[in-house]
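Shared chain: chain A. Partners: chain B in the first complex, chain C in the second.
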Partner chain A sequence: MSRGRLVLRKVAWALVTVIVVITFNFLLFRVLPGDPAKAGVRDPRLTPESVEAARVRFGLDKPVFLNLEGGGLFDSQYFAYLGALAQGDLGESYAYNNRTVTELIGRSLVNTVWLVLPAQILSIMIGVVLGLLAAWRKGTKLDVGALTFSLFMWSLPTFFLGILLLFVGSRTFGLPTAGRVTIGADAGFAEAVGDIFSHLLLPTATLALVLLGEYMIIMRSSVVEVFSEDYILTAKAKGLSTFQIIRRHAFRNAMLPIVTLIALNLGFTVSGAIQVETVYSWPGLGKLTVDAVAQRDFPVLQGAFLLLAIAVIFANLVAELIYLRLDPRVTEA
Partner chain B sequence: MNRWRQLVRHRLGLIGLVMLGLALVAAITAPIIAPYDPYESVRVGIEDIYAQPSDVHLLGTDDAGEDILSALIYGTRVSLLVGFSGALISLIVGGLIGLVAGYKGGRIGNGLMRLTDFFLVIPDLALQIVIVAIVGQSLRNIILVIGLLGWTTSARLVRAQTLAVRQRKFVERARAVGASDFHILGKHVFPHVLPLMLANTVLVISLAILAESTLSFIGLGDPTVISWGQMLNFAFSRGAVSAGAWWALVPPGLAIVWVVLGTTLVGNALEDIFNPRIGRHYLEKEKPSTPEPARVPPSRVAALSIRNLSVGFQGDDGLLLAVDDVSFDIGRGESVGLVGESGCGKTTTMLAALRLLPPGGSIVAGAVHWGEKNLATMSEEELRHLRWVELSMVFQGAMNALNPVKKVGWQIAEAVRTHIPGVGKAGADARARTLLEVVGIPPARADNYPHEFSGGMRQRAMIALALAANPELVVADEPTTALDVMIQAQVMDLLSKIRRELAMSMVLITHDLGLVAESCDRVVVMYGGTVAEQGRVEDVFSEPKHPYTQLLLQAFPDLDQPDRPLVSIPGTPPALDQLPPGCRFAARCPQAFDRCHQERPPPYQVSNGWEAACFLLEPSAVVVPGG
Partner chain C sequence: MHALRVRTVLPAFLVLILAACGTAAEETTTTGAGGSVTTQPSTATGGTVRIGWGGAPADLNPGLGVLTEDYTLYDLIYDSPLNINLEGNFEPELATSWSASDGGLTWTLTIRDDVTFHDGTPLTAEDVAYSLNLYKDTEDFPFLPSYLTPFVSIEAPDATTVTLTTESPIGNFEYRMPAMYVLPKHIWEGVNPVEFTNDEMIGSGPFKLAEHAQDEFVRLGPNPDYWGGAPNVEQVVFQTFTNPDARVQALTNGDVDMITEFPATAVASLRSTANVVVADGSYFGGRLADIFFNVVEPANCPTTEEGGVCSGHPALRDVNVRRALATATDKQQLIDTLLLGLGAKGLGLVTSSLSYWYPEELLAEDYEFDLAAGAQMLEDAGYLDTDGDGIRECPTDDCGPTGDLTFRLNYPTDNDEHPRVSDTLSGWWQEIGVKVEIQGLDSDALTSVCCPSFDYDVMLWSWTSDPDPESLLGVMLCTEIASGYSETGFCDPEYDELYDQQLVELDPAARRKIIVDMQRIALEQVPYIIPWYYPRIQAYRSDRFSGWQDSFPILSLEDPSSLAVIRPTG
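Moving on, here comes the complex of A and B:
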């Protein structure tokens, strides 16, 4: 299969997955016991008439998938949902009056990116370097240290690490414990930057540490594998220095599985972000999700989940395309 | 059970088992060992809230004035219950899907794998949150959600393993005799998949425990039970940080770490036992080697002079000698054939000489003289400057000897640029193309990747690579095995021509005695890590002295005597851990006598430069000095 077609296939598969996720997301909130879609109109103070009016307003009186009762085959809840989605309409929040889900999610997404991106970049860079060193000096103290660190990071729940850092950071160093900025602070530009940074420090550190353990261990085993390949012996016999061997022959090959694994671990990143945002009251998608659960704000929950899932699918696609660029051997799906 | 004993002997695995065992004991005996019953409501005063650790409350009290130690002990129950039952559900679902997907293949298998792929991209915590929020947060629901959403890793693993087992002989045989799918899966496939699943189980358990504590911390735990995640949730959201009540936060967190770490340690140990990896690599730091010095001085005229070389590999029960006291010379511009059956130490000898031994192998004794220098004791850095310009090698099995993600031309040009100063990028590239043309590959193919070459082309590319920096010595390890006879002849002619033009020395490692007869000046016959016989090709091939050489020649067809029957040598070379005390060949030698089984024969000199290590030569020949 030509590589161009391969790219198209990957993109097509991602699109199909997105459609499946949308449908899955729709079903999740309609079919499961508890009928959450009706929760918003289940207020005991409402009269039966107003409940019925609300059901009509939310379109809950219509068939779920296909309308076989007349009035158009696609006049159903599912296609109404798809139509609204196409216009970027994810409904209205139950908990925050007059706020659309799209607006709430959009604002939170920006905050989450502010948290996840630096943590992701930091942990990938440090994790790749440390993993490489640990693999190269396999069996030394450095390696054992790296392994132990990863093992502990794996066993430590992210939220607990967050609590520990928050406890020490706030009580010993006086760092802020919640939010993105100090509310009501009126200061100059430099102070504002410092304020943002001090709020960002602990959450980013927590997420970065957790991700670091993961990336380091993946990189280590990937590098060990590449270092035992025959072409590394060829490179050594050629008279290349260790640095040249690593830079020219090992790094790219070792990065191949990393790219895939980082993509596969994006779910892990999302899970970490949800926990970190909960601990530090960081107004991102994770906190939005958790708050929506507490308030039974199902439209927000549904929208946030959809966005998280689509973000992971998209990032996965990017990783697969990068893999395709890095590895000339891939010629089939 | 043997595996069980292995697990106990695995130090970290044992620690993990003990950690889990203690947690299990705490869970079972909770009502007895817990000082208070956390499920019983008590009246508390304001002074009981977040009380510091004391004699009354060993770990202090929480936001409701409850004893933390008691809650901690009872929390073990929830953690282990969710961990084990959730993992069980995951394994049953994932195992079944994986088995069917791997065994059935085709449409069903593909469909199931697509389903797994789909669930793999859905962020699991987010999905767990959504579903628990919808179905309600009872312990039963939490277990079901964690269990049913945790099947993907098991499914992938079991599928891969099933695919591998399915190809095996016994499964195909069972299918051929018409056994039902159900029978084959249950009787033949499942037992082989089980061990790996066991290691995976432990991973799934730890994931389930983490998931439960996370859900509880987020506020989605079952409000009617006490769990560690919930303890942290209540303490954290009810002012434990501002109260400085670390005792309400640290113990439940550490309890989670305790069980997850315990399970992970057991899992890693199982992984080590069922799926052992050698895990050594080529760039490990070499221990400075201090081989025993050689007993015989080097030749003054030879290019490479190997003296009393012994190579050992670190085995489970001590050092195994793969090469034992080997000495021979390679003259300047000379071509030497190194022959013998597989596993006789030919390649190991030359890899040791060039200091390219795989990790775990080392030069135990002897010297390798390259002019004035002893390669056996040189530093890696000094050696690096000799590599490829002076000493180069054509590796056996060219399949993996080229980097799969770099263009072939680039890999040759890299060697040129590294060793020929001032050649420049364009110059190196041009030389790479010329070299490829020399070995019969169109220069345009320089832009191909190794996987786009045929086996024969890769082998020729390796030869082109070996010649990149005009080396003084080339070690060619089976350079023509993957080539057809016509190309083989071309390549050998080419090597001979280049060798003469550049006055290059060559070591040809091969099974092909015909090749040695055609293209070598001298031959070294190796057996069981020792030199059986060496001398000029004309001498050794026409009048072999060592019985092994004689048998080897009889096993090879001769163009001059096409009617001579071919004789094979019964038996195989000795294993490294079962080397006989006497002559290594004695067990298979038709002429062996008592002495051969007790004493190792020294090399006897037949004539100048011709020696054979066999007692049959004793009456007439003298022992080579120092041998």
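Moving on, here comes the complex of A and C:
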């Protein structure tokens, strides 16, 4: 199969997956127990008339999938949802009156990316370098030290590490305990940048430390495996320096599993770092999702799930496309 | 009037606590006696007060508010006709006086003539009548309309008078007023009140909205022209701290000056922190924990269409069993172990925060903890352990195949204390020969087995009370069984008759007597055991601002009664 057709086929599959996810995501909130109309109005003293009015307002009076009772086969909740979705309309939040889901998710997404992206970049860089060093110096104190550190960080619960860093950082270094900026502070540009940086430091460090372990361990084992290959031996026999071997032969081959991991993690980035966001009161997507669960804000949940699913599917697609470039053998599969 | 069903869903998700809109001037004079304020009155002004809280307002439109945080904000930015002070009493705010005439069918409010909105427009009786009518007639507003249902017309005959007429007299006019935030008619009449986001929040209160970032913070500035005197501080910032430990840490570090809530487990460490004062009191209206029984008689069971199941254990319909269980419940022990000693012992549905209405005289009639006496009560009523398995059996044969006194006990899973309360109760009740099968349920599932289905035996839950006893006393009415507002299925025609009497009784002393009689019935019949009234705990730094009002029965440091009077120290 040619490369172009392969790319097309992968994109097509991703699109099919998205449609299946949209449908499943829609159904999920229809089979949950509880009446969405009551959840939407959140007033237990509702009269049957007002429940009915709410049902009409949220379109819940229509059949779920296909309208067999007249008024057009497609006059149903599902097709109304698809129609709105096509126009980028995710509905209105139940918990926040007069706020659209798109608006809520959009704002939280910006905050989440603000926090998670630096943390991801930091952890990928440190994790990959650390893994490479450990594999290169396999069996030495450096290897054991780096491995122990990574395993420890990986297994430490995020909220626990977060609280520890919060106590130490705020007590010892006077770093802020919550939020993105100092509210109501009238500061100049340089001070404002410093303020943002100081607010970002602890949450980013927490998230980076937690993510780092995984990258380091995968990178290390992958490089160790590549180092045992015959072509590395050949390269050594040719008289190449260690640096050249790593750069030209080992690194690229060892990157395959790491690319998978990065792509997957970046997909989940969108779901936000729920625990870090909660500890540091960061108004991101993770916190929005948790609040939506607590308040039974189904439209927001539905929107957040959809965004997460699409992000993961997209990240997977990107990973597969990168594979094609990194490893010509993938074409055969 | 249909009472408010206000269940506590989550600590940060409390619904409708009516907080007071403080009047700055009067209360400064009362602080000296409380001893909480520095003896040398400071005259300093300015500064940013930073407040850490767990939630955030969700709606800036007062008609749509459901969260505690929403109401905190409305109280700072808007004025109401009347206010509840920190002693639980009603006092003038926009209305300088109020009185009933025409046999109690007409109420007249005299409105201040020196009030302006934040945008400079004068506030008149016209705005007051407009706002009240808006709240009354907008059915999509979740809570506020129910306060105004008795009124058939609300009018402003002149610039300083508002008249409200009712069809029958009402004995609790005052409590209907503190949440009636007066809105500027000139802004609101041009918008759809249900879709209006009210981002500017033009009110007439002591503070103005400066900036609002949803779920992050609210920033307020002082209203320099406030009729009650401008606040002394330059800025008030409410910042959301989702993590309670971070909130406590922020106060310890000095990042914030006050925290509105924190876990009881942090009390000891905060008390030993320099420059931090831990204050305790009760909530406006009060919050209570309740243990209640399914006592619905088969004859009163809601129909199948209404959702009635009525699977309650028959023994719980015997008042002797309920009295025995109440006798085998050590309220003080529960408070000491679960609330670290900070709650107040419960008595009935009317909490101690309702000061005047709280029936102190009934305290002596409450059931004293005595396991032996509890066991004896069951023994005397004919519940004996005939098969020697440690669990008593019913004397009648309608108690299931084994006839055991085995009760299902359900509680909402979103509450920290209830699992431990259940275990403790189970231990005590086991000792008098009663077995409990404990199951926590999600609050939706709990509602569906509760009422009006009555598909449970014993339940633990909690209530947030209105500042008037009427609404919570309504949960024991026969007429509310089918509506689902009654959660016990309790029915006593005498109680219902007294309830109707207090509705129309205009003389407070006479109304109080009726309400005490109703609570005596509740105490004798025990559909409820009220283990405690929740304490409110807050903490503030004493080195930055002085004047926090922490020596009253009700504690609310985020209320205008504190924020409008505090000053920078030194």
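Methods note: the second predicted complex is superposed on the first by the 316 of 333 C-alpha atoms of A that agree within 3 Å, B and C clash if a C-alpha of one lies under 4 Å from a C-alpha of the other, contacts with A are read in each partner's own complex, and residues count from 1 in each chain.
FYI, a residue touches a chain if its C-beta (ideal position, glycine included) is under 8 Å from a C-beta of that chain, and two chains touch if they have at least 3 such contacts.
Please read these numbers as outputs of a predicted model, since none were measured by experiment.
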Subject >> Partners on chain A (chain B, chain C) - clash or fit >> reply: clash
**OP:** Examine A:Q77 and indicate which partner it touches, taking first as chain B and second as chain C; both and neither are also allowed.
**Re:** neither
Original post:
Of the partners chain B and chain C, which touch A:T206 in the superposed model: first, second, both, neither?
Top reply: neither
Subject >> When both partners are placed on the shared chain, which of chain B and chain C touches more of chain A >> reply: B
Original post:
Where does A:Q295 make contact in the superposed view: on chain B (first), on chain C (second), on both, or on neither?
Top reply: second
**OP:** Have a look at where A:R180 lands relative to chain B and chain C in the superposition and call it first, second, both or neither.
**Re:** second
Subject >> chain B versus chain C as contact partner of A:S123, first or second or both or neither >> reply: neither
Subject >> First, second, both or neither for A:S150, with chain B first and chain C second >> reply: neither
**OP:** For A:R171, decide between first (touching chain B), second (touching chain C), both and neither.
**Re:** both
**OP:** Based on the superposed arrangement, let me know which partner A:S281 touches: chain B (first), chain C (second), both, or neither?
**Re:** second
Original post:
Just chain B (first), just chain C (second), both, or neither: which does A:S222 touch?
Top reply: neither
Subject >> Superposition clash, chain B versus chain C, among 3-11, 21-29 or 39-47 >> reply: 39-47
Original post:
Residues on chain A in contact with chain B in one complex and with chain C in the other?
Top reply: 33-34, 163, 166-167, 170-171, 177, 278-279, 294, 296
Original post:
Along chain B, where are the residues that touch chain A in the complex?
Top reply: 118, 120-127, 129-131, 133-136, 206, 210, 213-214, 217-220, 229, 232, 236, 241, 244, 246, 249-250, 253, 256-257, 260-261, 264-265, 268, 278-285, 354, 356, 358, 384-389, 392-393, 395, 397, 399-406, 414-415, 418-419, 449, 451, 465
Original post:
For chain A, which residues are in contact with chain B within the complex?
Top reply: 17, 20-21, 28-29, 32-34, 36, 135-140, 151-152, 154-160, 163-164, 166-167, 170-171, 177, 224, 227-242, 244-246, 248-250, 252-253, 256, 264, 266-267, 270-271, 274-275, 278-279, 289-290, 293-294, 296, 301-302, 304-305, 308-309, 312-313, 316, 326-329
Original post:
Tell me, which parts of chain C touch chain A in their complex?
Top reply: 2, 4-5, 7, 10, 13, 48, 50, 52, 58-59, 61, 64, 66, 139, 142-143, 146, 194-197, 210-211, 213-217, 219, 235, 237, 239-243, 245-247, 249-250, 253, 255, 414, 444-445, 447, 484-485
**OP:** Report the residues of chain A in contact with chain C in the complex, numbered from low to high.
**Re:** 33-34, 41-45, 50, 95-99, 104, 107, 163, 166-167, 170-171, 174, 176-180, 183-184, 277-281, 283, 287-288, 291, 294-296
